[in-house]
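We call the chains A, B and C, going by the order they appear; numbering starts again at 1 in every chain.
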Amino acid sequence: MATYDSFFSSLGLEQWCSEGQSSGPMSMADLLNKNKGESAEPASIWELPFPSMDALNESCAAFPQSRELTKGLEQGFLAVKDSLSLVLDPITQPLSWFLDGALYAMLNTPWWIVIPLLLAVVYVVTKSWKLMLFVGGSIVLLAFIDHYDYAMQTLAIIFVCAFLCVLLGVPIGIAMARSNTLQRMIVPILDMLQTLPPFVYLIPLIFLFSVTESKLYGIAIILYAIVPVIRLTNLGIRLVDKDVIEAADAFGMTPRQKLYKVQIPLALPNIMAGVNQTIMMSLAMVVIASLVSAPGLGVLVLRGIRNLELGVGLVSGLGIVILAVILDRVTKASLARINVSQKQ
Amino acid sequence: MRKLKSAALLCALSVPVAAQADCGEVSITEMGWASNTVVTNVATFIMEQGYGCDVTIVPSDTVPAVTSVAENGEPDIVTELWLNSAGEAYLRLEEQGKVERLGKVLEPGGVEGWWIPTYLAEEHPELKTIEGIMANPELVGGRFNNCPDGWGCRVVSDNLIRALDLEESGIDVFNHGSGETLASSMASAVQNEEPWFGYYWGPTVPLGKYDMTRVDLGEVKPDVHQKNQTPDVENPGVSDFPAATVLTSITTSFKDREPEVAEMLSKLTFKTETMSAILAWMDSNNASGEEAAVYYLTNNSDEWSTWLNDSAKERLANVLN
Amino acid sequence: MAKDIKISIRNLYKIFGPTPDVALEHVRKGMGKAELLEQQRHVLGLRDINVDMHDGEITVIMGLSGSGKSTLIRHLNRLIEPTAGEIKMDGEDIMSYTEEQLRKLRRERMSMVFQKFALLPHKTVLENAGMAKDIRGYTTSDFEADARKWLARVGLEGNEYQYPHQLSGGMQQRVGIARALVSDAPIMLMDEAFSALDPLIRSDMQDLLLELQGELKKTIVFITHDLDEALKLADHLVILKDGEVVQQGDPQEILLNPGDPYIVDFISDINRARVLRVRSVMSPPDDGDSEFAGDISEKDNLESILLKSDGDMSLNFRVVRDGQHVGTLHMKDLAKALVPTAASADRDKTAA
């Protein structure tokens, strides 16, 4: 009846095949064939189906369909899920505390404390009055159009996630720089994290953690945004002038001294470039994170998309752009300050 | 020689078109949720095989679809249109005569409401009413799972929350970011037999799959519910959700063009319980919406055969018998 | 001059490649550098090096690029591990050192100056100068006075709070030297320390080094590819070629008696009058000769004597050290010494 019948019969597997029963539901193609009568047999070589799992299943009922594969994967994941979340849940719990704490602090501190505080931080890291005025103007603009709360929620989330990215990413990058084996192992993971559509790794996360907890989106953002800081820390340390490293060895530095007195300071421009990218990428994740209940400007963007409220979407999009420009300028300015003091 | 060959090639390649010339190109929406996929696929099958239409399925969502009809007059058919989500914009289109409602695609209609798992209701019968829940917030986990921003139900729920003063009673309102997280929060709570309290609607896979009990919000007051549909309305009232009207809607130009198809679509109705059963089957068989449509078509031919005209019945004879 | 041997290298081999031990056997059986690369895919770094470096002397290791000189100096503090052989420092075998002992050696008994300066770009000149002390756990206030003193000594007074990138190459290398001096280590390794500098500045730095050495009497191992520099600085000259020692000894000696055509070739271009010194060509004190045109020092180079004699080849000079008559310089001998090496190959050995 089906195309690959002869293949199974030539292997002498008819017995085995007939033992299985096709459990899969009828497909639209079957129904169409049924409607057309018995013209089911593909007439010419041009319609030869690829010997996929489903096509083989048609000839041999015992052969698994591809839905069994996805089902098997799902069941496998569900089977390890409980033990996995038993380990991961407590480990990641602090993330929820950080996020909730930061959101609470940002929203419950009056604006006349938060805004000057932010500006002070900007001045300390950039030493530029011009930039500070620009940031002040931008925040006041956002506040004036009643987007202050949303913007601060977004900022709080980015601060926490970017901070944790640096906290975790820099040591990973350092470890990678020290061991070629580790680098070979981690680089494919980083490639995967960067190319995998964020939604895909949201799925197992939703299964693993309670969706009402803030760490869910925290993890999603961190997984996505941690990549550049790891990569550039690794690169920065590997690019540290070999002569200086040799000098450090020749004067008898311990590996720890070498790391703190030479490698990290000299890799700092690269590490900071990584931090800049990490912050920008966490901002890029804000809209996607809103799908898993992250508060902030992303929620407004989603509302704009869902209800086609063009104005809401545009204004909140503009808010994100303003935050992006602010964060980019500030990190770049502090990066420039480091670069000046490090010129060779 | 070469010409001959390529001619033969063309013949072999040409797909047998379902080219009965009496129906032209038709576009139909497919929304993101499961029941709609079933409806769309059933309608597509009948239109293609029974009426010879050339159907294009347009993946969309309620509001974008309505907006697109308003702006471009496309797509021709909007299936499973939840009137309460489409809101004012859709009614205005009807007034302008751009679209026409063909009838309820779900009978009696969709259910919306606030729900708790049935095991919770059995253990604590007092939780079946909103007063009982507000008196015992800890029994439902102290959290209300609210609609995602941008959904029609979000506005109603927000107004209800204010009218009830829900947060004062010690219940946190958690605003979900998407329907997926709302559904999975319910799923994981039910699987672990934990308390859960939140908004949901049916017929859907989760409501078909999990045994949920609707929380009584009091009586249905249509005027209060109507008022609650305005964001941040001044003095929101308390009214339970009425049964939602779920329509098939087509553009008037399409009705003029294809009256026979329009007539079929106007008869296209699913009983709400049938739909729930299909969705439950779909979940237990890990099946796609398309397969669920096939399942419906093969098992309920007596039902859908009444929608067809004679010529369509003839064309679909092989499936019907 | 029987000074103590500070560093002694015996039978040192270095072979680069995946299995140096296997290749070593071939090298010991006499396989050459080119053959080894061809047949064994290993690079011969050093072959059977035997050098003694004396306390308080400048030992210059000279060779062209690829001769293995930089490899050799890095064996002294084990930045590179040898394939075979032994290295003794103050009589101790440093090959047997534990990591901790080795670190102590590098911190306290050795310092190093690099061709590309290798300063820390994010630290001030002062902090760079005190780097060795900082590594040993001293704070800036502990070493500040010391660092300032040595920075002033190398001519960098007033530059203490600048960053390396604000200084010229010559000044940066002065910081490098100050850094080595602040460490107080008795041994100083200088790896092509002046090669990256302009000729004029290089000459200044050589003078500075000699001046400092006059005071400090450190054991200096100096690597260079520049023969003039080698001859100017060396107390003991080691000439490397393709990883092997071609000739070693007193530079004057090598100049007058090159032991290898390679060296003859090498020294053919230099200004012999400027490099050769009186002590290399003078005769023992001879009372018979009473006609002295003047007193000269044994350290004077022949060029200055030529100037003094005004080209008169019949004169004799009295060579004086600390007021004592230690020898006689006949202008005839001087003229002979200036004859290029190939022609003077069979000349009698002069007193050293």
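By our rule, a residue touches a chain if its C-beta (ideal position, glycine included) is under 8 Å from a C-beta of that chain, and two chains touch if they have at least 3 such contacts.
Note that the structure is a prediction, hence the values are computed from the model and not measured.
Nearest to the overall CA centre, using the mean of each chain's CA atoms, is chain A. When the interfaces A-C and A-B are ranked by how many C-beta pairs touch across them, A-B comes first.
Computed from the mean C-alpha positions, the centre of chain B lies at a distance of 89 Å from the centre of chain C.
The centroid of the Cα atoms in chain A and the matching centroid in chain C are 58 Å apart. Averaging Cα coordinates per chain places chain A and chain B 32 Å apart. Here chain B touches chain A in the complex through residues 12-13, 41, 45, 49, 61, 63-64, 67, 143, 145, 148-151, 174-178, 180-181, 184-185, 188, 285-287, 290-295, 297-298, 315-316, 318-319, going by the rule given at the top.
By the touch criterion given at the top, residues 77, 79, 102-108, 110-112, 114-122, 131-132, 134-136, 163-165, 183, 189 of chain C touch chain A in their complex. Residues 24-28, 30-32, 34-37, 44, 46, 67, 70-71, 206-207, 210-212, 216-217, 289-295, 298-300, 302-308 of chain A are the ones that touch chain B when the two sit in their complex. The residues of chain A lying in touch with chain C in their complex are 241, 243-244, 246-247, 249-254, 257, 261-262, 265-266, 268, 341-344.
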